[in-house]
């Protein structure tokens, strides 16, 4: 464990913020290239005293699927995954996400890799947390150019899952599924409502209980930089080394 | 190998007869409790110089499925199984088979185990050979009491497979799918057309080229009692010991 | 290193059996796969009632015994077979007396129904079967025109509803202390676990090694995620036998079939091998 | 003992690649699974044309390279991603120039389509996806009302057509001399082999032991029945890496991404690493 605690780094704030959204979750799945959500899941797992399961997709560590590529999706459809993370090249105010590209399909101006499993998992996993560090009008747009996965569906469409919140480098929005709108609920230290309005391309509501995003306390920071960080370094070695100063062999 | 060849036993005649129907087959599947068709498949495989595959279901030997109980059925649907065997508590003249029971369903007078995969495999495997040693009016009936699997289907029903022949302890019938009727093609040594008519509950045609069922020559008998018998004894030890006098350790 | 996997509770056989509620639908394996016979005997001792027994895709001695003990209200299976031991005596009697509801199926229907539950879809299409009398007796099956058929071409196809058992119950050779269960190539057991709401497994033994850490073992392992509760039962598939481990007890199975030929003989079998066995355990 | 299993032919990498006909639909694995890179390079050398490439369910460097080399007419995948290496340069260029037909999908659609082919059914239902713009662009997908919905309850559900690739192409750690191929937990490779008409596999090594005879290995083995042709290629997944065996060659992948940023750089990459490599082999 680091002997001289430093204040929470921005990534640690995000880890803590997302982890708090995973309270009472039994099973969270996370992508191998999503270190901040992954670290958050591992932190929440520590809080759960091991009762929470964390599946890291595409990783050889903490990936306990044994039925091939389809198992994640089947598992979600069985209701065995409670929380998941999605990003988006574009995200709009109705929580539609675009993983295809900007401009007109198919000859997009900028092409993203593709929709992956978003069009499916967004429907089936109850608590989908949208995470995108970049908070700019380029990413948070009035309307996505392509809906890889819609934020909301008509009532008659089978949809046990959907968006829960959007976490960015500047703030946290909760998502109101009934009104299909985001609501600003907390602002990270050092950021302002005015700045967020300028940097957000879509309209959103503001919570009457708007707060500053709580920073992790020293106990949590010790966890993040200690046992959680060690676990993180096994799954996300580059991230752990760069951000937490931990290499896979232990604390640096 | 047996040093004093004896004439073909009835079971050896059946093995030889069925094996001849498997000429040019790439893959034949057979049940673990079907020793005569199983031995026939192993004989045909020897003739094929190893090019033919034989899957013995439910056996730990020669069962190379690794995807659970469904694989046989998926494999058949993929067109990867060319020949299979079905029996029936009752078989009628339209090649309908009954594996459910006699009398009225569901409180059958005599209940058989059930339809197993017959209702599926009969449709999907091109060459289904019906095999039932008992050749009596009790088994070969005018109309089955319950159709577990129909012998024929209307033209618009997807059906790449179906009945090819019926082999009994007395004779061989070929099946004419167009006219949905059996045609007596060969009579086993020692049996007669009159006897077969008396013992068959359904009407059938008689081939203009009706012959006595060819018996295996000494070369084939040597195969059955030698290397094929050894393979048979690994899969069907009780049958090999009782009928071929071979135990699993080698030739008796 | 943190414990990154939640634990699966390990209970006694009777506790495990108590998790099978009266009226539950219970998926079980055929005799050549993993049969939790110790648990089946516990269910008979308890006098479980109104079970909806599902053979995946068929069932053997487990089915005959549970039917004989009056535990079964409905039997959904492609067959109830004792194989070389001949007709299943208690099943046959129950059919004759009309004391169980039959939902006769065919093997791939059971697999496809479980796969539908595994995929969280309401139904699965399947080729074949049309024209079988099974279709007329199963009012939960539907025939539609294939929406992908060429224009104006008739192409009826059967749709089967998902089968989502309340309980998957089976016996396996090995589990680890995290709750992962090794089943080798017997993947119908994995399908059952994926499809069921609750999966109860008795095992021959526990390993201290993580089964998922060895890539050869992992390939045949059901992750703990799908396992609700475990119990240890050495020789727990007796008298049926367990794939790769031990053979059926032929003499005992023969004795069962003889005794179970009559209702009173079956009762005597239950007294001798289901109730007494427990006292000595 | 008789030889009870038919043999699978073993050919050179170029011969194996020659079995991928121009115009064929070819299913390939993502970078974290088994990628037959030696064969991909052979296809590039040959100048294969008009391939319909299917990512199961996504594709990485294989896709970018084959697109760059002009081998691909149609790309059907849930994503083409180079992961941490950033945007896929040749894919991005091809999209901008409109030189490939895109059939964008989402992961479970590819799996379900292959499962439909595996089960020999024309389609598979799947939840979710409705309202995604993918649906409007895929005129081979259909939406129907769930025939199992409660009366008068609207319940639209998507039906996906079976995906039956002409060729499944992948790399695996081990095969035996009967043609059985070990893939461990990477069962998307087994699904590909079940679904495809032809399955071409390059392997790191051959074993003299029957993989199906060891119940631990058998659980992760594709039986020879599904394997059309094998080729040996030690380090055959280079530079991508192979599950459980060797890691990606990060430096080389980085170099690829840099060189492939321009068409001429890509051509130079091909000269250096696709054509020359062969001369030295």
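Every chain is named by a letter (A, B, C and D) in the order it is written, and numbering of its residues begins at 1.
Note that in this section a contact is a pair of C-beta atoms (placed from the backbone, for glycine too) under 8 Å apart; a residue touches a chain by one contact, two chains touch by 3 or more.
The structure presented is a predicted model; accordingly, all values stated were derived computationally and were not measured.
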**Q.** Intersection of the contact lists for chain A and chain D
**A.** C
**Q.** Of all other chains, the one whose Cα centre sits farthest from chain A
**A.** B
Q: State the pair with the higher C-beta contact count; candidates are A-C and B-C.
A: B-C
Q) Whole-Å distance, chain A centre to chain C centre, using C-alpha means? A) 40
Q: With chain centres taken as the means of their Cα atoms, state the distance from chain C to chain D in Å.
A: 35
**Q.** Distance between the centres, which are taken as Cα means, of chain C and chain B, whole angstrom
**A.** 29
Q) In whole angstrom, how far does the Cα centroid of chain A sit from the Cα centroid of chain B? A) 59
Q. Which positions in chain D touch two or more other chains at once?
A. 112, 115, 119-121, 126-127, 155, 157, 185, 190, 218-220, 244
Q | In chain A, residues with contacts to at least two other chains | A | 65-67, 73-74, 77, 124
Q.
Output every touching chain pair, sorted by label.
A. A-C, A-D, B-C, B-D, C-D
(Q) Quick check on the complex: what are the chain A residues that touch chain C? (A) 26-27, 42, 45-46, 50-54, 62, 64-67, 73-80, 124, 227-228, 230-231
**Q.** Residues on chain C engaged by chain B in the complex (per definition of touch)
**A.** 30, 32-33, 56-58, 77-81, 83-84, 87-88, 91-92, 95-98, 101-102, 104-109, 111-112, 115, 126-134, 137, 153-157, 185-191, 243-244
(Q) Using the touch definition from the top, list the residues of chain D that touch chain C in their complex. (A) 112, 115, 119-127, 142, 144, 146-149, 155, 157, 159, 161, 183-185, 215-220, 244
Q. Chain A touches which residues of chain C in the complex?
A. 1-7, 117-121, 180, 190, 194-195, 212, 218-226
(Q) Residue numbers of chain B touching chain C in their complex, please. (A) 32-33, 58, 60, 65-70, 72-73, 77, 99-101, 105-109, 111, 113-124, 146-150, 153, 156-159, 238
